[in-house]
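The two complexes that follow have subunit A in common; it is paired with subunit B in the first and with subunit C in the second.
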Partner chain A sequence: MAKRLPKKDVVIIGLGWTGSIMANELTDEGLEVMAIERGPWRDSPTDFPPTYMQDELRYRIRHELFARPEQMTFTFRNKMDQTALPIRSWGAFMPPNGVGGGGVHWNGEMWRFLPSDFVLKTHLTQRYGASFLPEDMTIQDWGVTYDELEPFYDRFEYTCGTSGTAGNLRGQIMEGGNPFEGPRGRPYPTLAQPQPFSHTLFAKAARELGYKPFPQPSGNLSTAYTNPLGMKMGPCTYCGFCEWFGCANYSKASPQTTILPHLIRKDNFSARANSEVLRIEVDRTGKRATGVVFVDASGEEWEQPADLVILSAFSIFNVQLLLHSKIGKPYDPVANVGTVGRNYSHQTISSVNGFFDPKKYNFNPFIGSGSIGMCVDEFNGDNFDHGPHGFVGGGYIGQVQTGARPIESTLVPPGTPSWGAEWKQTVKHYYLSTVKPGTGVHGGFYSYRDIYLDLDPTYKDRFGRPLMRITMDLKPNEVKQNKFLTDKFAEIIKAMGAEKVAPTYRTAPYDMTTYQTTHINGGAVMGTDPNTSVVNRYLQSWDVSNLFVLGASAFPQNPGYNPTLTVGALAYWAADAIRTKYLQSPGRLIDG
Partner chain B sequence: MTDKYSRLSVHRRAVLAGAAYLIFRGSRANATTILDHLPWTPNAGNPPDPVTLGPWVYFTPDEGRTVEALADQIIPPDRETPGGKDAGSAVYIDRQLAGPYGRQEGLYIRPPFMKGMKNQGHQSEKGPAQEYREFLAAFDKASKSRFGGKPFFELLTEDQHRFLKDIEAEKVKLDDVDGKAFFAQVVKDVQMGFFADPLYGGNRDMVAWKMIGFPGARYNYLDWVGRHNEKFPLPPVGLTGRAEWNTRAQR
Partner chain C sequence: MARFLSRIAALAVLSCSTSAWAGASDPQEFTQIERGRYLSILSDCASCHTVPDSGQPFAGGRAIETPFGNIIAANITPDPETGIGARSDEQFDAAVRHGVGRDGSKLYPAMPYNAYTKMSRDDVLAIRAYLNTMTPVRNAVIANTLPFPFNIRASLGVWNALYFKDGEYRPNPAQSAEWNRGAFLVDGPAHCGACHTPKTALGGDKADRYLQGTYLQGWSAPDITGDARLGLGRWSKEDVVAYLKSGHNRVTAATGPMGEVVALSTAKMTDRDLAAIAAYLKSLPGRSQAPSALPADDPAMVAGAAIYRDQCSACHGLEGKGANELFPSISDSSMVRSDDPTTSIRLILRGARSVQTRSQETGPGMPSYGKQLDDAEVAAVLTYVRNSWGGAAASVAPMEVSKVRSDTALRPD
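Our next item is the complex of A and B:
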């Protein structure tokens, strides 16, 4: 029997980006807020000190900052007629753990989605006709438009101090920025980061091929910055240990550097770390949440009653908690009914490595930041005519190399032995003269009827709850998209002057063992129709009106960009709806 | 208090500012509320613990010799840079197998264990430590049966090389072990130890970093971002410093 704690106005599940944003907004409203976080408290001086953070083995290879699969994992299969097996060690993505969530160990890429991404189904149907889309594709409009979200994109960019070059200022296309972006109300808060050698060489080659390269918008700051909450950040020092690592330098935007020190001082905010929420409790009508039940590190269960429940864990954990709490109708792909677990997606990532003559090119590739890079956006979303190509969607391509940590960055050209004297000589020959963009081809992943999440019939977690089952494969549309983008990318790498160009394509079947990105999305998607979405346009549950579900679980499909800026903007958008609409009259904000 | 609170039927309580408050008698730290200040103390942290040299921790003496011989085949010594053995790759693997990695600590190891597709990942109750032991036993047996009772580490280097090529090409099969797949794992581990920070036992004296030109665990390249196509002049540094700075890195 769970012990009952004093009631709060708001309980927040998960203290990462979205939980921190929402907690700060709702405490500003005077509400009493309690955040419950599964993992430990983490802070820059204690957990990411510059004396030992640059440890590739500990943080990258052994996953120190991530969730442990023994705490929580998933099962995986490609197709519905296969048996899903547990992900025993992380591979394709790395779920976060602890205060700050993925905001601790992300790279800091801060992309806005395209205006057409938010009305994708309508847009593609109008331009190409419904028959152009694959029959099993289940893309849909988001229920929120770019113009509605723009002020909230701006809020999050200014919270983070984002470094970048505007490409579209109030409708005017700006030289040096991304000409394809939607109009922005004002420039980025800080200037774009200066670029290392290979990144500038990429931009030059791209420009000569007729593209319009621009610096990747970055949450690693080019300069000192004080955000609207008074949080101070320092300039990035290009240490080359960013993704997988915490930033010891207060240079990477994270909840720790931009929100939490402000939030924690408010007397109406409190938090609990090392406490995992087991379920959201609902009353007898099933339409109202009464609070949450969580278990602390000693195994003791507690009930935290609250009037408003914010589910702001990592995307896939949100879906899992909804299923475990029996909120909403689980998705059934056969009958094509239900919503929870529907429209799960990822990214379609590949890259092209370039090997250059060491006599002419020394890139010092270890100099980098998480979101450094020069990119081109000509082939993202619907920025180009897909008619002749037979697929939809796209992605950005760019030299976005984040450093050259030696375990993973000692590459040899194809055809070289993988060990022995020749391998050793070749590694030595090329290390300083290799371009290794990592996620250089950053493609979208659209949604499909038989790619989804549900509860596994066999495997259980440490509390005896069923693991969630991921049914996920790569469809011909995304394979074609990736081939097209990777070939375009390889042309630019070649034009940079590489003597050897090594593309790798993303192909079916989907592989759970090789890392792509941690951008896993959907499963509790937003929309305008309760039959095809879990939450309405304000991220409010259709079923339980005092429950809001934040995060990338709301994405109906995944565009060809990194998700975090949109995740943060949606959190500010939902917070605004709560502050200006819900609190005036608690209940459904939209009739469904 | 404004009207919207009463509509939310809020029960507001006084908050004890400045201190974490305990709600239940006997509550421990894990039932503590974080309130008012960031919960960290100066100089707290979790620094790494460098391995100490000395006898094998996990391997038997013969296993150790075998892995050292494998390390020198995978990364042969040359005039400028030591091989895998002298760089400490076998020590690195030994200490890794003796630690949490060898036991699959933190991984999901609940049953049932079923054979899956390659893209579903490792599905075995056995951790790397046990798998190494089984591989090395089968590998030793295969070497002895082919080379008149000689273990791998006593073979001529040309014979060692040819034997590994044959395992890679699946011309030599090992009993109950996928020799080709496991050798690929050994290659990965030897190279990982070679390039990891020296505190883990490999990359001794940062020989691998010197070989490729990686400056190590530095923290600030601000002055170097804009200096294109210039050689970075400073030698590498590890998390425990450089040999000439302290005695720890020399061990």
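Our next item is the complex of A and C:
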């Protein structure tokens, strides 16, 4: 029997980006807020001082900052007629853990989605007709528009100090920015980062091919910055250790650098680290959450009653906790009913490595930053006519030099032996003259009827709860999209002057063992119809009105961008709805 | 019902203790109490008389480290038995301004009565009135834990004869009102000299080296006179105010004992008082003749430059300018070039976290390099920063680093 704690106004599950944003907004409203975080407390000067060893083996290969599979894992299969097996070592994505969540280890790419992305189903149907879409594709509109979200994109960009070049300022297309982006109300808070050699070479080649390259919007700051909360950030030093690592220089936007030092000084905020929420409690009607039950590191169970529950864990954990709490109707792909677990998606990533003549090119790859980059957006979303190509969707492509960490930077052209003297000689030969854009092709991933999350019938976690089962495959639409994008990218790399161009395509079946990105989305999607969405356009649960579910679990499908800026903007958008609408009259904000 | 009764009982106890309060202070005297509250901030009573994070303000029990041993701060809540509730106003005033305890014995000058004596009797009784509004806490404190011979208080008579000038602050008519206010604050309630004026072997102030910096509790407190090289001479008045108000300015950030002073005291002072302190401190004459900088090809400078580039420049910048009041500007820091490099050595060896204040909430940290760098390397990099960017100071010897390393090895702070 859980011990009951004194009631709070709000309990927040997961203290990453969205939990921190919501906690700060609701404590500003005067509410008593308690955040519960499964992982440890983390702080910049103590956990990531400049003296900590940025060890690629420990952080990248052995997944230091992530949840341990022994603590919690998933089962996986490609198709519904297969038997799913547990994942015992992380591969395709990395489940974050600890205060700051993914905001600690991310690269810092800060993309806005396209206006058409938010009305995708309507837009594509109007332009190409319903029959152009694959029969099993289950894409839908978001229920929120770009214009509605714009002020909240702006807020998150200014919280983070985002470095970038505006491409569309209040409708006016700006030279040097992304001409395809939706209109923004004001420029980025800080100038774009200066670009290293390989990026300027990429931009030149792209321009010569007729594209409009622009700097990737970055949460690694070009200059010192003080955000609206008074948090101080320093300029990026281009050390090349962003992704997989915490930032030592206060120059990567994270909850630790932009929100938490302000938040934790508030008397009406408290947090419990190393505490895992087991379930959200609902009353007898099933329509009202009464709080959460969590277990601390000593194995002690506690009940934290609250008037408002914010579910702001990592996307897939949100879905898992809804299913374990029996909130909402689980998705059944056969009967095509239910919503929780529906429209799960990921990203479609590939890359093209370019090998240049070392006598002519030294890219000094040690100059790196997680989200520095030059990109083109001509082939994203519906920025081009898909009619002749037989697929929908797209992604940005770009050169992003994130560093020269030794384990993952030993690249050689195809045909080189994979070990021995010749391999060593070739690694050495090309080490400084390889363009290795990592996630250079950043394609979207649309949703399908038989790609979903549910509870595994066999495997259980350490508390005896069923594991989450992932049923995920790569569909012909995404394979075609990736082939198209990768070939376009290879043309640019070739035009840069590479003597050898090595594209790698993303092909079916979906591979759970190799890393793509940690952008897994959906499963608790937002929308306008309770039959096809878990939360309404304010991220409020259709079933339990005092529960809001934040994060990428709300994406009905995934556009061709990194998700975090939209995740943060949606958190500010939901917080605004709570502050200006919900608290005045608690209950359903929209009748479904 | 039982709970109701116990509440009545508690009230009765409370009113008993109220009636036991000696002294004339009246809980209705808002003006006096408010004045006392502010004076208690100026005097930073809370720092010594509260165990940090205990939730029992002014209940005493905190060990105050002195070169002679620890002295435990008294309970100054109005508890009649273990606090100051049973003391008369005369007794309270005698303790605060004259260093005389309840039984007539002498107080140890860890209680800065030699500074508080500059306050008026009214000031001190206002502090008393404010303290009387505190919740009485029963906490018996054994004050004297000094080893022999310092545990014999009789010797304090000699000390007082040598170092204690009893008497209120007398304004200097040749100076502005602001300067006089600053002088009163610095020499009186704020007792800056307790940490910043060098001490004799007996722990008395070296009057001729007033506020020129000294060593205590494992730190070297900097020179805070107007000296251009070692003190505040190149700080603007606004720099001083920003530092005291927020713990940060364009040059540096407060940490260690000064971080606590900022958090508990100076951050809560009025801007006018901070400006007065700045005006007064900056008016104090400098003393130093600048030594000439070491040549850049000095072996320690060469080694130090390489270490600086490798380990320090990511935050402090190649030109030592720092950034955004986040990373201190060590090129402009007089502290870095102080005669006693203890604090600089300590910061490199052990790291530190700057104070978080309302206007500067980030509270960035300096990491510890005690494992990465050996004593010769710390000495070299300090020698380099002390003699770069137009600065000049004596080189730091590896022995000095070794001493700080061993002195601080077992410190809990």
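We take it that the second predicted complex is superposed on the first by the 591 of 592 C-alpha atoms of A that agree within 3 Å, B and C clash if a C-alpha of one lies under 4 Å from a C-alpha of the other, contacts with A are read in each partner's own complex, and residues count from 1 in each chain.
By definition in this document, contacts are C-beta pairs under 8 Å (C-beta built on N, C-alpha and C of every residue); 3 or more make two chains touch, one makes a residue touch a chain.
Quick caveat: nothing in here was measured; it's all calculated off a predicted structure.
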**Request:** Could you say whether A:389 touches subunit B, subunit C, both of them, or neither, answering first, second, both or neither?
**Result:** neither
**Request:** For A:287, decide between first (touching subunit B), second (touching subunit C), both and neither.
**Result:** neither
**Message:** After the superposition on A, what does A:127 contact: first (subunit B), second (subunit C), both or neither?
**Reply:** neither
**Item:** Partner chain(s) touched by A:494 [first = subunit B, second = subunit C, both, neither]
**Value:** neither
**Prompt:** So, does A:200 touch the first partner subunit B, the second partner subunit C, both, or neither?
**Reply:** first
**Asked** Given the touch rule stated above, what does A:68 touch, subunit B (first), subunit C (second), both, or neither?
**Response** first
**Prompt:** Counting residues of subunit A in contact, which comes out ahead: subunit B or subunit C?
**Reply:** B
**Request:** Please indicate which partner A:235 is in contact with in the superposed arrangement: first for subunit B, second for subunit C, both, or neither.
**Result:** both
**Asked** Which partner does A:225 contact after superposing on A: first (subunit B), second (subunit C), both, neither?
**Response** second
**Request:** Would you check which partner chain A:265 touches, where first means subunit B only, second means subunit C only, and both and neither mean what they say?
**Result:** both
**Request:** Using the superposition described at the top, list the residues of subunit A that contact subunit B and also contact subunit C.
**Result:** 45-46, 49-52, 235, 237, 239, 248-249, 261, 265
**Fill in**
As the complex stands, subunit A meets subunit C at residues 44-46, 49-52, 224-226, 229-235, 237, 239, 248-250, 257, 261-262, 265
**Prompt:** Which bits of subunit A are touching subunit B when the two form their complex?
**Reply:** 3, 5-7, 9, 29-32, 34, 41, 43, 45-47, 49-52, 54-58, 61-62, 68-70, 73, 76-78, 82-83, 85-89, 91, 193-197, 200, 235, 237-240, 248-249, 260-261, 264-265, 267-275, 296-298, 300, 302, 307-308, 361-364, 366-367, 404, 406-407, 410, 418-421, 424-425, 427-428, 431-432, 458-460, 509-513, 583-586
**Fill in**
Contacts from subunit C onto subunit A in the complex sit at residues 311, 314-315, 323-327, 351, 353, 356, 359-369, 371-372
**Prompt:** For subunit B, which residues are in contact with subunit A within the complex?
**Reply:** 1-2, 4-5, 7-13, 15, 17, 23-24, 28, 30-42, 44-48, 73-76, 78, 81, 101, 104, 106-110, 112, 114, 116-123, 161, 184, 187, 190-192, 195-197, 200, 208-209, 211-222, 224-226, 228-232, 239
